[in-house]
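You will see chain A twice below: alongside chain B first, and alongside chain C after that.
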Partner chain A sequence: MRKAKNMLSKQMPYLTDNIVPIIFIAFTLLGFALTDNVPINYFLSELSSRFYRNAFIVLSLIIPVIAGLGLNFGIVIGAMSGQLAIIIVRYLSIEYLHLSGVWELFFCIVLALPIAAFIGFLTGRLYNKTRGQEMIASLIVGFFANGVYQFILLFATGVIIPVRATHPMIKPDGVGVRMTVDMGELHYSLQNIMKTPFMWTVLVVSAVLLTLVVALYLTGRKRPDKGNKVIFIIKVLLLAAIIAYSVFAIATKNNITKVKEVPTVTIIFIGLLCLFTELIMKTKLGQDFRSVGQSQHIARSNGINVDKTRIIAVIMSTVMAAWGQIFYLQDMGTLNVYGAHTQIGMFSVAALLVGGASVRKATVSQALIGTILFNSMFIMSPEIGKAVFGNALLGEYFRTFMVYGIIGMALGIYVWNDNRKARITLDPIELNAQDN
Partner chain B sequence: MGDILLTIKNVSKEFYGNQVLKDINMEIKKGEIHALIGENGAGKSTLMNILFGMPVIHETGGYQGSIELDGKEVMFNSPHEAMSHGIGMVHQEFMLIPGFTITENIKINRELTNPNMVSRIFGKQYESLDMKRMNSDARKALDIMGMSIEEYTLVAGLPVGHMQFIEIAREIDKTGIKLLVFDEPTAVLTESETQNLLAAIQKLAAQGIGIIFISHRLEEIMQVSHRVTILRDGEHVVTKDTKDTNVYEIAELMVGRKVSLDRSGSDSRRISDEIVLSIKNLEVKMPGEEVKGFDLDVRKGEIIGIGGLAGQGKLGVANGIMGIFPARGQVIYEGRPLELNNPRGAITAGISFLSEDRKGVGLLLDESIEINTVFTSMQIHKEFLHNLGFIRIMDSQKIRNHTNKMIKDLDIRCTSSLQHAGSLSGGNQQKVCMARALTQKPKLLLVSEPTRGIDIGAKKLILDLLKSLNEEQGMTIVMTSSELAELRSICDRIAIVCDGKVKGILSPEASNAEFGLMMSGVHADSQMGGAE
Partner chain C sequence: MLKNEDKQNNTVKKNLDIPIVKSIGLPTLIIAAFFLLVMITAAVLKQSLPILISDILRRFGMNGVLVLAMVPAIKSGTGPNFALPLGIICGLLAWTIGIEMGFVGFKLLLITSAIATVFAVATGYFYGKLLNAVKGAEMTIATYTGFSTVALMSLVWLMAPFKSKQMGWMMGKGLRETIKLDGVNAGEIINNFLSFEIIGIKIPTGLLLTFFAFCFLVWLFFRTKTGVAIIAGGSNPAFAAAAGIDIDKNRIIANILSTVLGAYGIILYSQSYGFFQLYSGPLMMAFPAVAGVLIGGATASKANISHVIIGTFLLQGLLTASMPVANQLFAGTDLSEIMRVILQNGIILYALTQVKGGGK
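What follows is the complex of A and B.
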């Protein structure tokens, strides 16, 4: 009896730690069970295109989490910097330069870098002044920056910055940028560089992952802490199954090959960002991020410049978010000047949390899995609403409920766990169980 | 043992006109284990802070005298400067990151890196970590300590003994370490871990590293040190070769304060044989002050003192009885068992508590003296309230009158009874705490560190007040204090706590050596027998 209880209490932390991803997987599966009219290739097409749009910006959240700043809702400001860059480049391109799509994209990326880096520096300074309350500060500074953004684009443009009133991006009265701006050449500029069939991409990506997993396992094998055999075998089997199925699908040309083609360059960019995030953690700077994230006090007493390290983390996050927003918008095709960025912070944070990340811990795979699960929920919820209540709109409400519910729940679980660990008890056995 | 490594010459230090160190002279030789001992507040930490150039020293106006390292005068402005000169410190509180491996902790901010493509453009920060070399360095340091544990193990979940060793490994991994300071390294260790640590310290000394060993455990000092320096009240008492002295002598020199016993009026007191509070096998989980099986009987009408060194658990006793920290065991108060972990129950039963944490537990800093005085009585005893049947509101007239009487009785120096408690001086804050405790009309008063952070004049007032409460109202008082002299001046009996248990009960007239030995956890009888 006692043994069984011990077993349960050992498994409990695993369950509570991963409760959010489990709910989402269950929800998506439920969706498939309830609705028989969602074709798998439609689902995958939707899911994959949403993944290309969002993954980059979700990945930008990882570094601040590791550096101990928590969830950086301030990526909204990064997104605004990206939009600012797009508006400037588009304006100049239409007016004087008449660039091609790829060049416009290139200049957007180049221009967004200094803007986002500067703003990241300022927000980083702010977070250092609001130590311990970075998350709420990042949320509020996002709202504040929105006001500044509106001031620049709605008033300063045309009144302070001279612009041509007849420019298609400017409102007819000559003051302010229009509500919606067409991305023109920029639309699909990244997507159209190169495309590959979906299953082939899946095949290649899984093959690369498989070699990576095996190679990592073999090099780290001697260490008991890194070579969890069960998880390794599960990973290998899963990847092998995917490879086998891709080969089967390609050979038989079944339904699933009809999934939308993959924008290769976008995928490569996302891959590079994953690689960057992983590699930076293997440098001195990355180790400083981790030290500062684990304990500012100990890091400082060992001579690490805590404030500077935190600012660098915020700058990186903001710049990545700016680029992520540019990639997102070139996929969308139109820029909703005053609305496109407002939800990006909430949704990206929710996606990261859905992947199993917490306020203190986030990994690349959590970001990627989270993006997939979160968007699955987005696709399935109207279908479930339709199937259960005969009303797709109910599913729409459900989405909103899920987004904020998930953020609230993840934060709640985090604080609850923290309090549980900090609680002083007389029983040493109980204490040990909590430590593990 | 070789040449002189470190010389401390005539070092003095004042904090706001309060002399905490007077003309300290010390010499540490290469390869020497030099024990530094003294009671709490004797000036050991201040001396170490000076040696390490802690900011607190410069912020309070520096120090007088000079420190020489290898014959050259040095003055460190920050701990890093001290470290770069080869001085290391093994902290009492662990400065380890639990989520890191042993290697990562040993190498924190001294990571070994290799240049790569990116770092050639963007700078050293982007160089990749060389985990292989870091691991092998960590391995070397661990081997010196004789630790077989794998260097890539996470620190979280390791026993405290291991953590202590990792701290030391970090220090010896630093190149050119010359002097290592151990600040009470054995306080948290078990017996066998302690022996391992002492062996490791001797090994380090054998390699020519000078060691300053701060400890309260005299037996350890006798075992490993070559010389011992004793500080008392900020003064250098003596430096002796360990082999020329004994535990008895050290203990006496450590406490050796002339106690003026001022026990007039004690004739009129009536201490009955009735036991008012009986504590059996009390365990309290108070961080840093754990109680591990405490037994004590308190007689009605007496003032009993609980003394002992910091961290031994004396503070945990009162906090455990009052339900402030989780507790277990049996407490019988006035013949009835007292429910533990229930602050309300303890107060209702007639026990009042003056907490050592005046600003955290004792006072509502942003409230007036009035509210602070009557707060507990309002909450628990439902006094000072107009009862309107369905609702109760404060009776401000009654509160004002009562508070003004208290202000007069206790001589609280304030502008009015509406002044905020936070703006009072330490002594007056303590008096407000006292006023609140008295408002509850307690039969038993628990007092913890009543004079901590209070100037000398106010100290005497507080102690006199306690004494008069006891004499005039027959109030039973349990007083916990780090200051032995203070306990000896007013208590009838003094229980000395060591390692969470009562080591023994002494009369205030007992000799210095008896107190000193008991506080250090030495069995008094055997050692004294040996010395005489």
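What follows is the complex of A and C.
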């Protein structure tokens, strides 16, 4: 939404700032132009189900960015905590408790909280010790934790922690958890609580957004200067168009109503997390995050406990990532014990950046837009590879390149700009950091 | 100013003359003790020590130059070269071009090294420029430069118009993931040069000689005027700039050297293995090399040749020896691989906690 409006306002700085989202929109449109075998309802079904799976985890990245920790690749550890919770709950459920799917899900969520919070605390302390190098530290700590995770599940389970060798989740020789664990009743446990047709959901969500936008504008929270007015009108028109189209689609029952139904509870959870992230910024803690993110030096002299604030940010991010991974896996149906988490950090970070976020700035709407754009690219690139080069594999390599390239480019541009600014301002703290 | 200069000279001297013993840090000692423990366990378990030692020597020589590539980068102040895959890819591309041109044996090796040098110098130049633009976050940017280049090269491997039967698939386009060097008479070609056996231990003379020769050359380089200037720029940029040293240029030179060593490193590595891997093969190869030099006692801002030799020997020795031992003690588990992951990333994290500065 915001991207389209930036292009319209023809403001060059906006255009260059949002070059990444624009490339992605162009890429997806190119995909549609080149391939004629991607029906729109298939595309939307794919895209929407990927969105429900990933949005929660991408949202978990926002708070560390605001608190100045940069992009927290360490959410991989959160994902591992979520998986540990699932494995423990599933093991106990099969062995003794025989819970129903929703209860299993509930216990997973409850159990993941202390595990992720504890590990988040440890990683937070680590980031405090590797100040200035948090991003590389978070990447490496993810690899490190993966080793510990494998040690616990492949070796300690059965050798140190007693388990029943004939349990269906344990390897035949009694040591280690199997490569894949069936999610049993946990599969779709969140999805199946309630489902609503796609277009109806779109209708309701856009109606709510429209009232929200209008209400915010009328109460005058945003200064009514000229740019805001244009943005406001575009927003209203866009939402109105979506509402009109959904009414039309529902009335005529056209192709687009065949898009997969929406898992209502998942959407509500994602909405709640958006709300939480927005609201926490209005609290004292949120203000602390922001001032620590802007300058640790100034925050400290204002009496904020910088280290503690940073640790809290990491704990929040880790816990949310753990929950996000649980929601993701209940949708997938099988847990790939040693592989499900490995890529989640890179993909989520790339998605956030695609939405237009940077190392120091991220918003909820950037996370949501980024998730949509990134996954569109993911769906389209094998199709483009097939259409242009007759080779779907090429498209897959290409999208891997996009993931790494986007992250590298976003980081590079950010640091480069930062260094240029530092050279102009001659800020003593900046210079000091450079000397070291 | 004069006093400052003295101090600077002293630190430079200290960097160069530290006796090996002094530079041994706590992590190095722990790993060394662990290595000894594993070797003793191997002996108690009646594993064949000569075979084990032969393996350790081979792995030591194989990985050596890749670890050595860290030294110029660290000395110049850009931190460990997490973009080692750049150099590796230059080496791999040179292999494929050499094989495509139809060379075999020693001729292939020479041509490959020559082509690799050209690629690596060019790549290293641009990589050095990039690092100069992103001062303060070199390690993170380097990692993603490496990652994205590996991903981009996957496209090249798939589309490259190579015809050689040694490298292509039976049908379809593109190069294979693993390409054997035995087919072009280049497998273990350096290893077997002058190699001999004592009490069952196979000494890969050529491999070790090549590794030590590179160590010597790098050691020599850091005694030249350019080398000393690079060290000065790395350890105290403000002073070096005041003394009229072009730090940015020196950082570029150091990273060219590092990239070239990465390219030679992979050539040495793959000839010893007998094959090389394209596509995602080089993706994670920077991390063991970084861990290697750190285990030897280097930090993110200080590294010597002795760190390379000690670190490579300890890390590769430990990994090689622990595999059969772990397999015998805990059959069916992949304990040595798990240990590698924990050890390698643990030591990098430890080094990151020692990095000073940052945090606005």
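As a convention for this text, the second predicted complex is superposed on the first by the 406 of 436 C-alpha atoms of A that agree within 3 Å, B and C clash if a C-alpha of one lies under 4 Å from a C-alpha of the other, contacts with A are read in each partner's own complex, and residues count from 1 in each chain.
As a working rule, a contact is a pair of C-beta atoms (placed from the backbone, for glycine too) under 8 Å apart; a residue touches a chain by one contact, two chains touch by 3 or more.
Because the structure is a prediction, the values reported are computed rather than measured.
Of the two partner chains placed by the overlay, chain B and chain C both lie in contact with A:S295.
When the two complexes are superposed, the chain touching more residues of chain A, out of chain B and chain C, is C. Contacts of A:K282 after superposition on the shared chain: chain B is touched, whereas chain C is not. In the superposition on chain A, A:Y404 contacts chain C only, with no contact to chain B. When both complexes are overlaid on chain A, the residue A:R178 reaches neither chain B nor chain C.
Applying the stated touch rule to the two superposed structures, the overlap between the chain B and chain C interfaces on chain A comprises residues 295, 432, 435-436. Contact residues on chain A toward chain C in their complex (touch as defined above): 68, 126, 129-133, 135-137, 139-141, 143-144, 146-148, 150-151, 154-155, 159, 173, 175-176, 295-297, 389, 391, 393-394, 397-398, 400-401, 403-405, 407-408, 411-412, 415-416, 418-419, 429-430, 432-436.
For chain A in complex with chain B, the touching residues are 223, 225, 279-280, 282-288, 290-291, 294-295, 298-299, 301-304, 424-426, 432, 435-436. Interface of chain B with chain A (complex): residues 79-80, 95-100, 104, 108-111, 113, 119, 124-129, 150, 152-154, 156-157, 283-287, 325-328.
Interface residues of chain C facing chain A in the complex, by the touch rule stated above, are 82, 130, 133-137, 139-141, 143-145, 147-148, 150-152, 154-155, 158-159, 173, 237-238, 279, 287, 330, 332-335, 338-342, 344-346, 348-349, 352-353, 355-360.
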